[in-house]
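Look at the two complexes coming up: chain A is in both, with chain B in one and chain C in the other.
Entry: the complex of A and B
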């Protein structure tokens, strides 16, 4: 950046600053930057492509020579189609309800379970922990058929409950929180017991406030995973008004014609809430996955 | 204020016996220290008293009431932990208020936002705040009430931990090595403050430490533990001068007490090249241990070392010097007995006030000691009482 500035505005202070910047630039550093830049491009390009395509008419999406800015601008049309003609606010709200509901129940079930596994001594604790770890390895595809049959029997298909049901207890969350709680100083918990805290209050007043980064990290994981989930809503959702945002994009696919410009606009609309969530939780998220526990 | 009685407390962890039958009475208002090397069971015993751990068998009585099955909160005991165990995200005031909040407010009032729904409890909350301020004032931490534990120094955290324990007016005050995380200077200071606190409060204190200096300087009585058993419970002075077993004698006192294997034969005791006549005690020939405190040995012929006068019959041992530790007011001389170099000897001596230059201890020197300062232990390690040593007919064996 500073190089370009120097070229356009050849002022003395800028010159020296640029010179200083150049001085520190060893071949190793240049290589590092290039590699990082390449990596960043690989990550960002799909988004660039998505947004760029969402501004193009379908035939231009198919065009052989890719341009970031569309030759024919169809952005207004695509986004109006998505936001006005389609019930996208409803789809987004459905996604929000499912994700928030899943996350809330996951936290309520996982935090006490993780505390028990991390800090309480009871018969069978080791076996239970082993079971939890083993459960992490079971994919949803294995359990989806019995779950589906059960929901059909109970007449609960096409409800918010059926959309959330398989995910209400997250063994991954239990394991993650257990690892985090494990490092909480034993003596603080003992001091609390002497002071008259009940175990529930130890969790609420001491453990949870200390575990905010872990909770934030898991919340982002969980929210993104269920926001993007296509598999399970596809199985249990039947009506238009229960459709989640990611599922809704299926409907632009027809046998004869796919409106790609509109599909990409929909994808952009569906992705943006996740980006916002991540930007707000970014700090806590990074802290949650890089450190654990509190220092006394 | 309470009287604590422990009756045959036993505890084992996975087949390891940690406590093997502890009987201990702590009087109302007494300062009792539990001392022992690490792993002796002293902390486990304290945790059993507090209720954090359950004994496998035995009884705990508080004022005659069995409390062994009560949870910690039901015993009205307060505990101070080695690492202070303050609640990290609460202010000092909240930390100190917690025991009272837990005891006086119902659970729905303690939940987040509970304050809004319980205006009728405003009086209780004000009482708690008042009590916290009072205790904070006593401990001189009232200016810190709004801080978080992370913003405090070690000594301040220690005071907050004491305050949190005091605020509930406990019947029993338990401390688990509360000073070991402080630096040496602060330790002496807080030590004094805790003694002061005990004197003012009339509370019953049980204090766990591995540091004999703490135990000796602070306590009314000291209980010495080893391998899960009580070796001796006594006042600090008698623990030092009148140890019941050789283990007590070795644990208490620094540098360690001098021990000599001895043999009693035909009424004559010989150890370290010294021969003494021995009367009283169990008769017959036997192997004994003779012990003498390092400061009971008086160095002869060293420049700059004060030699206090000895009383009564004496004996003398030739010593080879090995190393000298200068502690300022006094020195510790490590040596070996000249004629039996496999026996090490520790001597603690005051420096002479009238000597300006450095201390000079010759490579070979004599130490003298009164016969009355000798302690005798049997081969089983138990103290032998009623033994009187006298100068043997052959006089000093040198």
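Entry: the complex of A and C
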């Protein structure tokens, strides 16, 4: 008896919940859901097609009779070719070096500057803040000619330095962190000063830990932006040993590889790192977008 | 003010200079000096191939306004923007509203629609060009299976800008959707209750009475950033069409790139860059003006 009761007891709320869910279903809601589902399929299909093609032999990629799972499996061969015979590990490593280098310098330069702008009084602070805000609107495309000519003069084209140079300071990060630091309570900083904390200790032990969400959001944002960038590497990279993952895709503009299965294995290898970042750091990335936007 | 306090202030000021020094130095080398040089270069006939150059005054600007390639690039960018912008605004708005009200599938749809935003566009553009292939692509195969004529998406001057706009929309919709979702979440729920008391029960009424006005700041931001994105179209063009066929996809930034880094007409390209900056500033100005008005709600 008690057995039946315990078994049926959870069923009752479940049934009413199902009934409620069904009652709430209007034709409009069903239609919206189907549209959302259809849209989702369109958005995700290029990934499905890319991964599916990367597992196929050349003659099957453009087969009129498309199947998600290949009829002849060539995945192992395609990926081995890309990762061993073609220099894709080098391209990925180049992208990693550039993105990590850029991010490290951006953080090291932006955090102290943002702290000074938010919490310290010094002459020129207003001019500096104005310059930072003005520079946010200037895209790399406007300053690329002088930057390129300078790097040509210095004989630095086709080096990691030239690939990182225009991004070593992020005016966006300075502004974002400054807004974030400004809301940090003055009283805690004063108390720390009274306790004999030096200004550097205040930054490292109080401000930076409090700014972790902003720093994390910006970091993901910066990393993704520079991994995906095409414009600047296209200008300064000249040899295959400095080619970034994103730039490497330009090779397929001409008949670089007539093995289509292998081509899309390469495209998958280039896309996967940012997909991984996306799945693990989506929330931080989204926070970065919303922080940059609406309130600014 | 007591002596120790002013000492502290002086120490603070000295420290501030040290803290901002690296950033200031880099801003000078990366932004300020190059900006001055772009303006200066736009007044010269400098080319990378010859050491000899001279000041030509406003000749580059005069040439620009008489250049059929410049007119063509502006025209292409405008057509592209007219196709791209409505899609980049209304699709994410619809998605955000449809997704926000859903409890169970909300994060599922958020994840999927947002995925293209972080994906490497050069690689995904390669995939799109395969899907849009004129003879063997899966889109044309499907059209033909339905008895419709095949479309040479990227190869025909009549369709290339639409095809590029489609690819860009795919990559940007999730970004704008996230902005709208943030805007929607910030709307206080009691406004909807108040509207319901006033008799605005229907979703359409709720939208026009509460959602749309409250969303105005977000809408302005989305509209302006999307306009700038449209004007900055580069990656997909460089990757897939290089301005072809018959200059039909030669958009503004791609022309600037060609003049500077393919033909090495640095002076002329600098003038185009200055024009580009002017457009960006114009958008920024529009945003500030509209944001002020939108903020009054």
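We adopt the following convention: the second predicted complex is superposed on the first by the 187 of 296 C-alpha atoms of A that agree within 3 Å, B and C clash if a C-alpha of one lies under 4 Å from a C-alpha of the other, contacts with A are read in each partner's own complex, and residues count from 1 in each chain.
The rule we apply is simple: a residue touches a chain if its C-beta (ideal position, glycine included) is under 8 Å from a C-beta of that chain, and two chains touch if they have at least 3 such contacts.
Since this is a predicted model, take the numbers as computed values, not measurements.
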Touching partner for A:147 - first (chain B), second (chain C), both, neither: second
Chain A residues touched by each partner, larger count belonging to chain B or chain C: C
Partner chain in contact with A:280 - chain B first, chain C second, else both or neither: neither
Touched partner set for A:188, first chain B, second chain C, both or neither: first
First (chain B), second (chain C), both or neither touched by A:73: neither
Shared chain A surface residues [contacts with chain B and with chain C]: 193, 294
Residues of chain A that touch chain B when the two form their complex: 185, 187-188, 190-198, 201, 204-206, 209-210, 294-296
Chain A contact footprint on chain C (complex, rising order): 8-9, 12-13, 15-17, 19-20, 22-24, 26-27, 30-35, 37-38, 41, 48, 95, 98-99, 102, 105, 109, 111-128, 130-131, 133, 136-138, 141, 170, 173-175, 178-179, 182-183, 186, 217-218, 221, 225, 232, 234-235, 238-240, 242, 253, 256-257, 260-261, 266, 269-270, 273-274, 276-277, 280-281, 284
Of chain A, residues touching chain C in the complex: 32-33, 35-36, 39-40, 42-47, 49-50, 53, 61-62, 64, 66, 108-110, 112-113, 115-117, 120-123, 125, 128, 131-132, 135, 137-139, 141-150, 152, 165-166, 168-169, 171, 174, 193, 199, 224, 227-228, 230-231, 234-235, 245-247, 249-250, 252-253, 260, 263-264, 267-268, 270-271, 274-275, 277-278, 282, 285-286, 289-290, 293-294
Complex interface listing, chain B residues touching chain A: 47, 50-52, 71-73, 77-79, 81-89, 98-99, 102-103, 107, 110-112, 149-150, 164, 168
